[in-house]
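First subunit A sits with subunit B, and in the next complex the same chain sits with subunit C.
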Partner chain A sequence: MILLIQTLILGIALGGVYALMGSGLSLIFGVMRIVNLAHPSLIMIGAYVAYWPFRLSNIEPMFMLPVAAIILACIGAILYRFVFEREARSAKYSEMTVLLTFALAMVVEGMLGTAFTNTQRITSPNYATEAFFLADIFIPKGQLYASIISIIIISALALFLKYSRLGYAIRATTENREAAELLGVNVNRVGLISFAIGLALAGAAGALVSFIFSFFPSKHWEWIVILMSLVVLGGMGSILGTVIGAFLLSAVAALVGTYFGATWSTLTFFIALFVVLLVRPQGLFGEKPELA
Partner chain B sequence: MKKQFFGIVAALTVLLATPTMAEIKIGASLPLTGGFSIAGSKHEQGYQLCVDLINEKGGIMGEKVNLIMSDNRSDPATAINQYERFINVDQVDAVFGTFSSRLSFPVANILEKNGFVHPLPAGGALRIYTQGHQKVFYFQPSAAEYVGATLQGILEDLVPADDKPATAAVVAADDFFANAVEAGLLGMEVMDPADGSVVEDLAPGFLVDAGVEIVYSEKWPEEGFNDWLTLANSIKRSGAELIVGLTASAEEAVQITRALKTVQADPKMVYFSQGTQSEYLEGTGESSNSVLVHTSWHPAVPFQGLLAGESFSNQDFVKAFESAYGQAPDEDSAIPFAVCQGIEQAIIGAGSTGNDAMSDWLKARTLDDPVRTILGRFAWDERGLPKDKPFLMSQWNDGELQFVYPTDEFEGVQSMTYPKQGF
Partner chain C sequence: MAELATDEILAARERYNQSITIAINKKRSLWFPYLVLALLLVLPALQLIGNFNYVIHLTLFTACYVVMATGWNILGGFTGYISLGHNVFFAIGGYFAGMIFARLDISTIIMAPLAGLVAAIIGYCIGLVTLRVRGPSFIISSLALVMIFRIVFENWEFIGGAAGLALPVNDLPVQWAKLPYYYAFIVMAAIAVWVSYKIKHSKFGLGLRAISKDEIKAESSGINTRLYKVLAFAVSAFFVGMAGAVWGEYLTYIRPNIFLIILISVNMVLMCVLGGKGTIAGPVIGAILIIAFNELFVATLGASEINVLATGLIMMLTLIFFPLGIVGTLAKHGKLPQFLNWD
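For the complex of A and B:
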């Protein structure tokens, strides 16, 4: 029983980090229909923004979270304006963005490799390797803090989307881009802001990831499958779905790892991706795709 | 227009008529991006430094070395394509091997088919050397399956008999190299992937030979594994006194060390198959204390090699590397440097870049008349594995990677810290 509880705690703690990593991806798809394969590589930039101040001046990685978010938001605005906005009305926009973001991921990887070499990095604040012990159960501090911060950020985003004027516009654009435009929403501006927010989430996730996982420029290829599977499980475009998908898949992977072996835990994400696409392509909270 | 045309023709004629400088072309496909990029980039530095130093001293037999390196993205198919391109398009005279058993195994077939000498910097799995290839030469101590002999030696020679670890947890990356080390430690059968025949039966295994009971074993997938805390928790719950982590990269060694610290595991002894790199120390800090890592190279070992026909010591290498790159080298740069030294000596010894002649010369090396590198002396058996070449065992203590075993071959050996005092 203790092993079961312990495994669930570890899975859920990791799920909080995955939730923030995936929520930006989901938001960008929801509003813009951009399948952003470059999202993990942009998370990597956030991780480097947290890493260097820690390395050079021992600055707490979590203090760098807002800085990483702002830097990535700016990068997002520039990318959207000059790369993604141009073909936004194309019928094949989503398909095009797959190729475009794949190329973007390669470019970001190359630039990071040139700037920082392919050496692995990780920040090491004390709490990253400490845990709270409650009898035989432990809760890793690093993952716990990262999960709490993730939930706070995602909750703030949810409140913003639900109650702010801009949030209304974003939700309206997510639900029906043409109708929103007809009602006077500046969908290009909404797209730009949503893309910037999505990348700000990537930056924030990067700062948290910096003390949980080792990272180096090409590491992002390992993350994309995990992120895609939890976003697809939750429903592409649904932030709530992404959060639930992250906790669910992470907990299941931990259980599989404990009871069936570590080799199978990673496979959990692949299997989930296949099963969801076969059985319920819209995911848990996504919209059912319309038939042409 | 006519004038321009004749101008271009004249320029081309001059260009084509200009005699080209004699040079020796050498190709190397390395994983500069992808999962092996960290080690691959260091291999690039090792090869490049060696070639630069050779060229500074006038090249090999008066010919400059032109090193062509390509990024294979850690992908075996790309590595194969690039070696085929080196041979058929670039028409290289020789090649340097790539990094990792996973990439070296398929590449070995291509190089054998084309009659090229295949000097391997990293490709320890025994299967590479049991395919009957004639021109394979491994530039590290023995095959991975025999790495465990060094660990067994430490358990028998350096650990007090009444305080020896009685139980072990063996966790391994599902990687070519790590699987090979695991096979030796756990006494598994090594199979030929082509026909499923048993190449070697390693039973009962080095750990059983050393009187250690295996209480937990597990593998993690080669890529995409993040659940280190769950794995570390299982290791801790097994109560193993010896933790053997067959890591395929320094990154994995960092992750597992940090996870073991988080769960407050408290073994007597910890051994990893990767982790000599400075990144390991940076990622683990004091948790690295007393962690043992086998290695092919250590900066303190006084090996004497040759470069451009002159004596070139291991310490000369460290100095040249620091001067070129502004940082200390580790074994991922030292091993390819030794490969380059070996090929240079083979070309000089054979008197040509003919791969048959180079191969014959390398095969004729003996322990008394070996190839001399910064990794020490090399002479090979009929499989291409080095003769009488044990691994070194190093141990992290107070931020320094100390060389602790074997104890009687060189100066500079330090006492092994035992038992480990937590993470």
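For the complex of A and C:
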């Protein structure tokens, strides 16, 4: 029983981080219909932005979170301007962008690998190895903090989308691009901004990931399938769905890890992705089959 | 009277079709692939006057990728279903033939067609499931497939797990050791290109191309799209599996991280995209160019990470500036040299 509760708590503590990693992917798909396969490799950039200051002068990784977010947002704006904007006219837009982001992921992986080699890295602030104890159950501080910060960021994003004018525009574009354009929304600018926000979320996630998972440039192939599984389960484009999908899957993966062995824990995500795509491509909360 | 008119119209149409065929045939040069094949078949004679093992290896490697890219093209180019997980069949072929070679000592070259068949059957089953979704969904599901197979292969002790299996080395003198594999790959490449030509010029190929243009319209004009797609998947898995079978013996060991790395499936996609998806010559040209690039990067720069970077960059630039690939872009502007027009 204690083992069960412990496992669930560990899974849920990771869920918040997965949710932040996935939310940018979901936002970008919602607004732009781009399946951003390069998202995890960009998260990796955020992780390196947090890693080097920590390694060289012991700067707290969480302080680097806004820096990583800003750097990634700039990268996002540049990428959108020079790569994705011109693809909007292409006939096979969605397939085209999948291939493009796939190539982009390789470019980022190659750059990071050339610059920093494929060594496993992790930042290790004090709290990363400490834990709170409640009777027999422990809650690792690092994962708990990271999850809390993730939830705060996602809530801020949700409030922004719900109440600001720009948020209205973004949601309108998500719902119906043509109609939004007819009503005077500058769809292109909204695309640029939401792409930048999406990548800023990736940067923030990267800073948090840096003290939770060990990372190396080619690890993003594993992450992409994990992230896609959460996002697809929750329904592509729905941030709330992504958060729920993240908590659900990371709890299930933790259970599988405890009862069947750690190797099979990641397999949970892969099989979940496969099954969801085939049984219910629109995800738990999607209304129409977005991806089909 | 009406009867006669119909006959005349039919005859006239026949003549017209023939004249079109002749006109198209004039723009084509089918002798060129045969010439290349003949040259490649006598290439090993170089070994008599010196050591050209490196040339042989490169040609063999290119031929291996020609088989795979041409196989991929049957699904990805004709049907438009882009699979990033075709190295799964490369691994299935490699492991099936490799295991038989290790246990029963039957050469993988003999077993290659059977290995291809196994890959095709598994591909047919996977295709029945994954081809129900379209576009990005299909691409992502193919990526998930690689990850699943990677974990399964790495943890399956019977086939060697993550450490893999060592295969016996053949006992030919060094000078001739590569030749069996060389001829196997050249013959497979020739068969693959020939089959893809035949498919493109059949009713089946026409159906596949209709699916890539507009699947719903194809379905409503009476094509059994589901069967067509799954068959295309199986045929492409067949060739990739065959290449994998011989590749395992050539390397003398099989291991998940030789077959199931993303770079292999990327290369297949990139060769087709660069050369021109859906054309016959495209994958061949793409394979030659990409292998040349790879050799250049590895030889001059050494690092495999730079290789990844360069592969990604080439893919991005091709997709942005020449989405139709070399053959497609040239053909669109009417500048395709005759010897590259194999369609």
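Just so we're on the same page, the second predicted complex is superposed on the first by the 286 of 292 C-alpha atoms of A that agree within 3 Å, B and C clash if a C-alpha of one lies under 4 Å from a C-alpha of the other, contacts with A are read in each partner's own complex, and residues count from 1 in each chain.
In this section, a contact is a pair of C-beta atoms (placed from the backbone, for glycine too) under 8 Å apart; a residue touches a chain by one contact, two chains touch by 3 or more.
Bear in mind that the values here come from a model prediction, so they are computed numbers and not experimental data.
Undergrad: With subunit A superposed, do subunit B and subunit C clash or fit?
TA: Aligned on subunit A, subunit B and subunit C clash with each other.
Undergrad: Scan A:L14 for contacts with subunit B and subunit C and give back first, second, both or neither.
TA: So A:L14 only meets subunit B here.
Undergrad: Output check: A:S164 vs subunit B and subunit C. Expected answer is one of first, second, both, neither. What do you get?
TA: Neither: A:S164 stays clear of subunit B and subunit C.
Undergrad: Applying the touch criterion given at the start, work out whether A:N58 contacts subunit B, subunit C, both or neither, answering first, second, both or neither.
TA: neither
Undergrad: Would you sort A:V225 into first (subunit B), second (subunit C), both or neither based on which partner it touches?
TA: both
Undergrad: Given the touch rule stated above, what does A:N176 touch, subunit B (first), subunit C (second), both, or neither?
TA: A:N176 contacts neither subunit B nor subunit C.
Undergrad: Using the touch definition from the top, say if A:A253 reaches subunit B (first), subunit C (second), both or neither.
TA: A:A253 contacts subunit B only, not subunit C.
Undergrad: In the superposed arrangement, which partner chain does A:S155 touch: subunit B (first), subunit C (second), both, or neither?
TA: It touches nothing on subunit B or subunit C.
Undergrad: Once the structures are superposed on A, label A:L277 by its partner contacts, choosing first (subunit B), second (subunit C), both or neither.
TA: In the superposition, A:L277 contacts subunit C only.
Undergrad: Return first, second, both or neither, reflecting whether A:S214 touches subunit B, subunit C, both chains, or no partner chain.
TA: In the superposition, A:S214 touches subunit B alone.
Undergrad: Identify the residues of subunit A that lie in both the subunit B contact region and the subunit C contact region.
TA: On subunit A, the overlap between the subunit B and subunit C contacts is residues 109-110, 113, 117-118, 217-218, 221-222, 225, 263, 266-267.
Undergrad: Subunit A touches which residues of subunit B in the complex?
TA: So the residues of subunit B in touch with subunit A come to 32-35, 37-38, 40-41, 74, 171, 174, 218-221, 223-227, 229-231, 233-234, 237, 249-251, 254-255, 258, 261-264, 279, 282-285, 287, 423.
Undergrad: Per the contact definition, I'd like the list of subunit A residues that touch subunit C in the complex.
TA: For this pair, the touching residues of subunit A are 35, 37, 83, 86-87, 90, 92, 94-96, 98-100, 102-111, 113-114, 117-118, 217-218, 221-222, 224-225, 228-229, 232, 263-264, 266-267, 270-271, 273-274, 277-278, 281, 291-292.
Undergrad: Using the touch definition from the top, list the residues of subunit C that touch subunit A in their complex.
TA: Contact set of subunit C toward subunit A: 80, 82, 84, 129-130, 132-137, 139-141, 143-145, 147-148, 151, 155, 262, 266, 269, 273, 303, 305-313, 315-316, 319-320, 323.
Undergrad: If we count contacts the way the header does, which residues on subunit A are in touch with subunit B in the complex?
TA: Of all residues in subunit A, those touching subunit B are 3, 6-7, 10-11, 14, 109-110, 113, 117-122, 124, 128-131, 133, 138, 140, 142-143, 213-214, 216-218, 221-222, 225-226, 253-254, 257-258, 261-263, 265-267, 269.
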